[in-house]
Each structure stands twice: as C-alpha cells, then as structure tokens.
Amino acid sequence: MKIGILTSGGDCPGLNAVIRGVVLKGSTSYDLEFVGIRDGWRGVVEGDFMPLTRHEVKGLSKVGGTILGTSRTNPYEGERGGAENIAKTLYGHKIDGIIAIGGEGTLAAADRLSKDGIKVLGVPKTIDNDLRATDYSFGFDTAVNIATDAMDRLRTTGDSHQRCMVAEVMGRHVGWIALHAGIAAGAHVICIPEVPMSIDEIAAQVASAHDRGRAPLVVVSEGFTLEGMDEAYSDKGLDAFNRPRLGGIGDQLAPMIEKITGVETRATILGHIQRGGSPSAFDRVLATRLGLHAADAIVDGAWGQMVAMKGTDIVRVPFEEALGELNTVPRYRYDEAAALFG
Amino acid sequence: MKIGILTSGGDCPGLNAVIRGVVLKGSTSYDLEFVGIRDGWRGVVEGDFMPLTRHEVKGLSKVGGTILGTSRTNPYEGERGGAENIAKTLYGHKIDGIIAIGGEGTLAAADRLSKDGIKVLGVPKTIDNDLRATDYSFGFDTAVNIATDAMDRLRTTGDSHQRCMVAEVMGRHVGWIALHAGIAAGAHVICIPEVPMSIDEIAAQVASAHDRGRAPLVVVSEGFTLEGMDEAYSDKGLDAFNRPRLGGIGDQLAPMIEKITGVETRATILGHIQRGGSPSAFDRVLATRLGLHAADAIVDGAWGQMVAMKGTDIVRVPFEEALGELNTVPRYRYDEAAALFG
Amino acid sequence: MKIGILTSGGDCPGLNAVIRGVVLKGSTSYDLEFVGIRDGWRGVVEGDFMPLTRHEVKGLSKVGGTILGTSRTNPYEGERGGAENIAKTLYGHKIDGIIAIGGEGTLAAADRLSKDGIKVLGVPKTIDNDLRATDYSFGFDTAVNIATDAMDRLRTTGDSHQRCMVAEVMGRHVGWIALHAGIAAGAHVICIPEVPMSIDEIAAQVASAHDRGRAPLVVVSEGFTLEGMDEAYSDKGLDAFNRPRLGGIGDQLAPMIEKITGVETRATILGHIQRGGSPSAFDRVLATRLGLHAADAIVDGAWGQMVAMKGTDIVRVPFEEALGELNTVPRYRYDEAAALFG
Amino acid sequence: MKIGILTSGGDCPGLNAVIRGVVLKGSTSYDLEFVGIRDGWRGVVEGDFMPLTRHEVKGLSKVGGTILGTSRTNPYEGERGGAENIAKTLYGHKIDGIIAIGGEGTLAAADRLSKDGIKVLGVPKTIDNDLRATDYSFGFDTAVNIATDAMDRLRTTGDSHQRCMVAEVMGRHVGWIALHAGIAAGAHVICIPEVPMSIDEIAAQVASAHDRGRAPLVVVSEGFTLEGMDEAYSDKGLDAFNRPRLGGIGDQLAPMIEKITGVETRATILGHIQRGGSPSAFDRVLATRLGLHAADAIVDGAWGQMVAMKGTDIVRVPFEEALGELNTVPRYRYDEAAALFG
C-alpha cells in the first residue's frame, strides 16, 4: 500500500515527529510505502509529491515545523479540487490513502472527503488545544512552556519597576494556553475567551495584587474580547482614535489598566514564537505515538477515523467526535485556579 | 483548622508548587491555617515547624526543591516516633491534620498513621512515575525534558565522532524516564528494568543503527540489570577486576558494547541534574492543581486518601490504590516504540 | 565605611549579580558596610534605604531584575534633589559614598554629582551595549541569546509556510542586539539604526533569499528608521491610515515587504522578554566581576570613575570616557557580516 | 582557488558555524571553491573528501557537532602520512590549501605541515579555553552555560536535602570552565588544576558554607588532582580498595568530603553533555566571525597563521603564539573570585 501524508493549517511543534513515527512504523513493521504531499491539500489537488522514506525522516523528532510544508488550501475549491478530481489524482499516482495531520478545518475536509469515498485517516493538530476527542494535542505543551518562560522573564521586569506586565498568548477561541501558562507562571489575572470579564474586574484584580506588594502579571488569550471595548476605552478618558488598532488585545488592555489603577503597565504580544522551534519532550512523545498508531490504523483499514489521546492511551475516534463543538475551558477549570489570583 | 504540610523522600521539581497551591487555596477560600513541617517525618516526630502563610509561598511555582526540606525519616522509628507520640506532638501544637507529599514509602507511612488515627492526606510524588493511581506525577515531565535535552546534545557528539553514546537516566524500578526520553530523543536502544535484554541483543541493535550510518544512541534506566553481568563481562574478554564498580549501569555497558560491536562507545550518567531546578510548565500546572485539590479534600474531611491525576482531572483515591504494586511500563508500551529502534 | 548601592534605568539581567559581588567582596575582604538605595536616584533623594548584608544577596547571581528596584528619577530634580540636599541626606544616614549601577543617563548624573563633591563610583549597565568604555556590558549577552532563540523558533514557522518572518529586537540607538542575534540565527537581512536602508533594498534581500528557496528572516532594531517611511508606505499602494501606528518598526515593515516581494510576511515584536529573567552565564560572570572590582575601587578611593570590561580584564575608566558618544556598530562590523545575507 | 576544510580533535559547539562562515564568505565575496575533508587529518591522508557548497552549509550556525566528522589522526603517521604524501594527495585533488579547525595538537601539526610547505590556515578550537593567542574560543561559552544550568539544578537538591553537591566539569589542564561556571552558579569551592588544594582545605570551605546555613556547592575540573590522593583517602578511614577507580575526580572527592565534614555529599560528572548540542549565541557569533575572517586570510595568502579573538576584534596570529604554553587560569583571576567562597 502507498500512503500520502500531508500537514495542513498553521505549523505546530511535533508535526515532523508524527511524520517520522508513521514512516518508521509503517515501513518497518508493515512494509507500507509513503509519499510526502507538499503544502497540505494543495499538494493533493495539484499532485505535488515528494519522496518520504526512512532517510527523509532521520532525526526529525526534535525538529520544529514540517518538512512537507503546509497551507490553508481547501481541497474542495479550485478547478482540480473536489473528491472526484482528487480520487483521479491519487489513482494516477497509485496512492491508496491519505494521512491528514491538521486542525478542525483539515479534519472537516477529511471527513467530507472520507464520506465521498477517499480513504483518509486523521491526526489531530492544534496548538490551542481546541479539539474535543483528544485530551491534549501536540504543540500545546511546547506553547505553554514558551509562554511560561516568557512570563517568568516579564515578572522580573515587573518586580524591578513595580509595573503591571500584560502577556498576550495564543488562543483564538479557547483559553487553554493562557490558563496553563497563567497557572504555571503565577499570573494574577487570566483573561480567556470563555470567561467574560469587564475592564473594571480586571483592574480590580490588578490593584489587589499591587496592594499586596506584587507586580501584577496579566495573561490574556488573543481571542479574549472585552465587551464594549470602545466604550470602555473612551469611558476611561482615553482617546479612542489613539487606541492601538492593529495591535493585539494585550496592547489594548494595557493603557486601560494603567489609567484605572495608576500602575504603570506594559504589554508584550508573544506571537509566533509560541508555535515554532523544537517540541518539548511531552509533545515529541505524544506526536510520535500518534504517528506509530496511525500506521497501525492504516493497516487495520480504520479510514474515516482519527487517532487521539485519552488518559495515557492512544485511541481511535470517528472524525465527527472531533468536529462541531470546540474543546473550550470548562468553567470549573477556570474557577479551580481562582484561588491563585485572589 | 490548622494543617501541617511536609515533603518527604527525594526532592522533585514541583514540591514547592504543591505547597503554594494548598496554602493559597486553603487560606483564601477556606480560612485554613498552615504550618510547615521541616524535613519530612523528622519534623513531625521532633515537632520542628515553620510558619507557612501566603507570604512564604510567594513566587514558588517555578522554584525547584522544597522550602520545607526533606528527609527519609520513618515516623514509626525513634524514641518520639509512633502514632501515639505523633498524636501528642500534633495535639500539643494544635495541628489538626497533615498533608504528606511523598512517594511510596511516605504514602505507606501515611496509610499506617491514618489507620492509627492520625488525620493524613497524601499527595503523590515520584520523579520516576512509579506510582499507580495517578496517570502522571509531577517532576516526571521535568526529568524527561532534562534527559531529552542531554541526549540531544550527546547525539551531536556521537554523530561527529561516529561513536555510540550511552545515557543513563533515573528509574530504579521502572523505565518511564528512559522510555519517554528515548522516544523523544530518537534513541536506538532503550534498556529498562521491565524488559530483560542480553548484552548481545543490545549490541545487535547498536550495530544495526551503526550499519545504517547512524551514531547509535542508547538510553538505560539506572535500575536496568543485565542478567549474568559478570559472566557477560568476562565472556567479552574484559577484565572483570577493571569493571567500573561504583559507576552506574551505563559505565558498565559501554565497554561491553564497544568490545562486541567495535564501535567506540562513551557513557554519561545524568544523575542528580534530572531532579533539580525549575519545573516544566506541565509539572507546575499538575503540582499546583494537586495542591488546590488537596485543600478541597481537607475541607471535605477526605483523610486517608490522596489526590491524583486521571486523564485531565484531579481525583481522590484511597492510599492503598497507590501502594503495593509499582506502576511499571507495560509491555505494549515498550513494544509500541520498537519500530523506532529497528 | 558605609556605602549605598543603587540601580537606575531599565532593568537588566545581571544587576543582582553586581550587587552580590560588591557586598560579598566588600564585607568579606574589606569590612565595608552597605545599604540598599530603593528605586535608583529616587531613594537617594528621598532617603529611602534598605538593609543590604550577605544575607540579602544570598543566591542572587542567577536572579533577574534588581532587588533594589529601579526608576528613572533625575537626582537634580525635585525639592529634595540637587547635590547639596543629597550630601545632607547621605550625611544624615552616615553614607560615605554611592555605587551607581546604570546606563548613560545614570552615569551622566553620577559624573555631575561627583564633580559637585558626592563620592560616586559607577558600574555601566546597558542591555543595548551602547556604552563606550566597556567592551561588553552585562545583560547584552542574555538579550542576544533570547532573541536568537526566538528567531530559531520563527525560522521553523517561516520554512513551513514559506513566509518571510520579521523579528524586531531591542536597540533604540545602536544595532548590537540585531547584529549579533542576526548573525547567530542566520538572518537574511539585518536592519540597524547605524546603517540606512531603503525599503527596496530590504525587499531585494528578502526576494533574493526567497529565490534561493529560503524562508527569509529579517531582524530589525527597534530604533531603525526607514527614510521617508510614510512616502514609502503610500508608494507601495498601502493605505497610510491603516499603517500600524503604535506597533513597532517590525509591524510597519512587514506589509511593505509583503507588498513588494509578494512573499507572505509576519512580524514579531520581542519586546520586554529580552530584558527579564535569569542572566546567561557570561552575564553572571561579567556582572559579578564588575561587582568585585567595584568593592576594590571603593577601598582605593577611585571615586568619579567606573569599572569596565576591556578584553578579558576589568579596568577603571573616568565617567567621561563612557559619556558623550554612543558605542555604535562600526561600519566594518556590519560589512563583515554582509556575506552571510548575500 | 580550491580550499579543503577539516575539523579535528574533540567536537565542540560552533564547528559548523565556522565552516558556514568560511564557505559563505569565500564563495560570495571571493569566488573560492571548497571541499570538505572527512574526519580531520584522516581525510587529508586518505584523500577522503565531500562536496562543500552554500547548499551544504545552509542553516548550520545553530547545529552542534561537525558535518565533516572528526578524528584524532596524526597527519605525520601511517603509510600515506607525512608532508610529502599529503602534498601529492592535495595536488591530485587540485586542493590549494587547507583550513584546519582544531586544538593544540591540530595546530601543532598545522604548524609543522606549514613549515614543510603545505598551505595551512588555522582556526583555534578548544572547549576548555586552553589556547593562548585567543581571548576566548568558541564552545567555551556553551560549555559554561550548560555547566551553570546543571549546577543551578544541583543547588535545589542540595538545599532540599542539606547536602553538599559536587559537580565535575570539563577541563583537563586548565580550570576556566570550573572558574566561570563556579562564579556563575555561586559555588562555595572551586577546584582547578592550576591551584593546588588539600582535601582539608576543600572540606574547610564546605564546612564553612554549611555552617552559614548554605548547601555547599563544589565545582571541580576533571583535571584537578589532590596531592597524595591515596594517602588522603586512607587517612580519612576510607577503604582505598573501594575508592571509585574509573569514576572522575568528583566521585573521589565526595566520600572524603562527607567523611571529614559529616555533610552528606553527592557527586555528578557532567561529562559529554558539555560539548554537544546547539551553540550559545556568543559562540555562534564568534565561530561565524572566525570563519568569515578565515576566508579573508586565505585571499590575503596568510598561510601559516591562525585567526583569533582579541578584545572585540578578530586578528591573525602565527601558529607558534598559540602553541607551547597553555592558557591557564592566572592566579589573580582565581583570587579575584575568592571573596565569593569565603
């Protein structure tokens, strides 16, 4: 059997470890043959492939990014897109099935292609940890470590200058990175998309930490929104025209916090450094195990499913389980941490 | 209520984060009072206590070691030991119960004291990850990260000199650190206490990696034993008298591997650096959550139990569940990784 | 003799190591007594002091920030400012002299106070490495390491997405951090305040790297300015109104680079994480040595001077040598690296 | 002109960065052609070469080890060795000159070959920093950072258990790594080859730190020798037969320290992890600059010399300057740090 492997969506530490795991297990234990598909679904649609043997995956467990490239191409779009065209392209290259490593969009496409008759196996990838059906996804632990390390550094500056430091971390729709890095770094305020907070609540927690002699540390998910941001901004006597427009939410919160509390406040947007570079050991192990099990799943003909982590085990779940609703931070997990901010 | 907290056994990254979690939750949400018990059970037996308020736990989530000190004292030994004496000592200091953070020995003592009428709550601590009843224990992730980072470094030396590098990691009775660090770093041989291997099997895997042009990387748990080590040693024409005696198993394997394969081989014993220093973000989050839940458990009167991690949740389990059998690496987890060595 | 120590200006990894070095050497070898001055010159002016013995400096060599606090107060301003008032305040507290650890502004104030009769010894502090009279200053090596690590991470994202990544690093007036981190991380374009470049030159280097199949990596000092930025912006058909206004130069370059080259481009502003956290070993050694020598200088009565690094030695130089002109990147150092970008 | 490049002796972080610097500068600015010589002088003697273009050096500045391989072959030994044979081999492959990156042995051979008419340019490499004629050598800063990080970790274990921790670091003949890592990590005793100490002096410093409530931290160079070690051993009532024989000096000091002071003592031999892995930013910059200047030196015909670091500059020095005497730690540098231990 000849299997194509693709990585799709934003890059994530551990993608290469998955690829290595699949190829080593598939070629050693099962005599499967692999080809690399370039730049996600684009390579499927355009028939852009590269060799993928033991040789290509040598030493990859610690290498960040993806040797296959990635893109956000939708396989149902374009002249050569759609299940029928793709089936022809795969047939022409004697590719029997696809392993698609990607997030919600990728897995939704994989689900649709699968229902349209293409053999697809999924591997969940989300640095934000926003997919249900897997306890944790690779890349998340690395991102939390990077954010935590950055916040450890910000804290010494805050302490020296008696400043409030605001760190904006990744998380468009879910607050897992902010919650975990916030707990790990000892943040005094954690702002996540799942938990609405007003600027006055945030400022009150900042002021409380400051009153106890601490340099307040605020972590905010990029996807957090303050209700009535513009109104809040002008209410505080800040010029809405001068409000940072293209900066992140961190840049927007900082002047409001400073205005209300009187505590000098600085924001840092961690940005892309959270998703690049060498994966943590946890992510290497998780990604490698997902890859090893993906090879097993292919041999078992478990198409239309994805491999996932449950407790300490790797299991298989249908695509649908991962789709639809996001894996948001449950309220009890946020409340659990509340004693740390108080 | 006034609660004493102790840390016992070998130190472990995350101990301070547990202490901080308990104190912040207990004092903020429940109005509990805490005292620190110095040097594990020694402090209980000798009545050696220290203040433990919010102030003392400030900024502790990232600090390695334990501010309370630790020892391997057995609370049933010595003139002032035993449940009856301890009950008196605690009563004299108005201490209502104890949170004992420790490994198997500590939890066994806690279980016995609990049955003898002392109010004890446990928090599992094992850098080796050898306790059943918790999916993972804090400290383990940090140790795996340190071992992985060290092996990444050893690999470049191996590659440059075409040498076999042997890394000895912690794990007296179980091979979790070797297994996870071995997967993460791409080791070619993983030797763990649970899986018997002969020197010839090890050498064969080394030779196979070398024949594929790789610099062989071997990871071995400190608790791994080669059956018939002395015989194996002299069989290979090595002088048993010159066999490293006080070095670790890594020091002993290296000359045998070199003798059999002809590949120059060097050993490194990672030792204590695996258990010190700042915890990884994963361990800080896990340890903090265990601490927060321990405070809840006290208020619920859940004495005689310990808090533990199951999947993504923190649960309570009776002491017995953690005791008796060790959490060894199951054979399927070792075999799962076999394709990586091949 | 009783000596006050202050830290002034932006925080910097190594400040605590200097303080520790002074106190250990001064109290062990010379029987000097020390007091900590809170928040830079503010503490001198307001007479705000704290105890500073061996006990307070325990374990400080690896701790980021400054235990003394810092501020940007000018000692010649305010009702209680000025040399005469300060002399009275110091006399009242029986403080014989001051060690001032700070950057250009601090050392200029120290120079003036010194000429006005106050006994001041300087220790140069600049994370940007912009002070003449010292080969390197502590904090700089740590900042370069952090920036390099971040750029290593950005590179994997760039490679996976075939994007151009722009990293903005510290350096208001000089480009040392950008130059060193750019060399270390293998940047394809290095934009520093000392070397004027047009957007077309920058874009040409980006395009050249992209044409060679590389994901272009651009590092830019925060103080770099593009001549005619607004014109350049609208020339490229970008809406000047939408130009990021409060973001850094990195945010401003990215859309222009993307517009000209057609290569998707993302910016990351590293910001405050470059100046916080534990110092590198190089900075700990340098800072500690400066502290040790500062104690010697006091005993030698070398007031009006500062300690500095020359080659591998610590020397003394008059304040003036450090003032006036900045330590800019000489053109030959920039040109030396040009072959790396080509 | 066609130039061969070789790396010789123990591997060292930064070797690849030198190679990259030479090749980028030489091929971009001067139209030089390069070939890689495999495994140091062995490749010269046996005529074992590999292609070395821009393509091969892509992304190498951060990669540990050497892509060329290394060995300890002496070019004057063996049937095909000696200047005359080598001249023929180089002539046969149209190689005009050699860049030899290596330590004292390598540079001594280069000097001799140079005097015998072979065109050789040297680049100094020593992780121990034991070469005169260069202020610092690449690899040293990385080693000091790794040793410091390890000692930071050991300290938390020492503190928790009130133990003395002994760290053995690299340094066969000189104590630079021990001195710098010891200063950086706040060691209480620094034992280096240049400064004789008796076991009683060491124990006295350990006891003094312990009496002040500190967990004593001892750093010892692998090349440190205690005068009369065996006598010292049996004098302390320790069984000389059980003395660790193949372990390092750290393993030997620990039981003696424990015996004399009564403080529980543990040793860790850091070993090979100090010389592998990704170089620090300092080492990447230094190594890259040496490479760039080596290309200049070739074009200038500066054969028989080596490039070296003086202050902040890269200069050229004749081979002899680097040979003969080692760059030992001068006594004033050791004494300078003494106040830190006291």
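Per-chain residue numbering starts at 1, and chain names A, B, C and D are given in the order in which the chains are listed.
Methods note: a residue touches a chain if its C-beta (ideal position, glycine included) is under 8 Å from a C-beta of that chain, and two chains touch if they have at least 3 such contacts.
All figures in this text were calculated on a predicted structure; none of them were measured in a lab.
Participant: Both chain A and chain B are touched by which chains?
Facilitator: Touching chain A as well as chain B, we find no chain at all.
Participant: Report the inter-centroid distance (CA atoms only) between chain B and chain D in whole Å.
Facilitator: Chain B and chain D have C-alpha centres separated by 33 Å.
Participant: Taking the mean of the CA coordinates per chain, how far is chain C from chain D in Å?
Facilitator: 30
Participant: Need the CA-centroid distance for the pair chain B / chain C, whole Å please.
Facilitator: 41
Participant: In chain B, which residues are in touch with two or more of the other chains?
Facilitator: In chain B, the residues touching two or more other chains are 152, 155.
Participant: Following the definition at the start, I'd like every touching pair of chains, please.
Facilitator: Listed in label order, the chain pairs in contact are A-B, A-C, B-D, C-D.
Participant: Once bound in the complex, which stretches of chain D touch chain B?
Facilitator: 7, 10-11, 13, 15, 63-66, 69-71, 146, 149-150, 152-157, 159-162, 165, 242, 244-247, 251, 266, 268-273, 275-277
Participant: For a test of understanding, state which residues of chain D touch chain C in their complex under the given definition.
Facilitator: Touch residues, chain D against chain C: 21, 24-25, 28-29, 58-59, 61-62, 135-136, 141, 144-145, 147-148, 152, 155, 180-181, 183-186, 214, 280-282, 284-285, 288-289, 292-293, 295, 310-312, 336-337, 339-340, 342.
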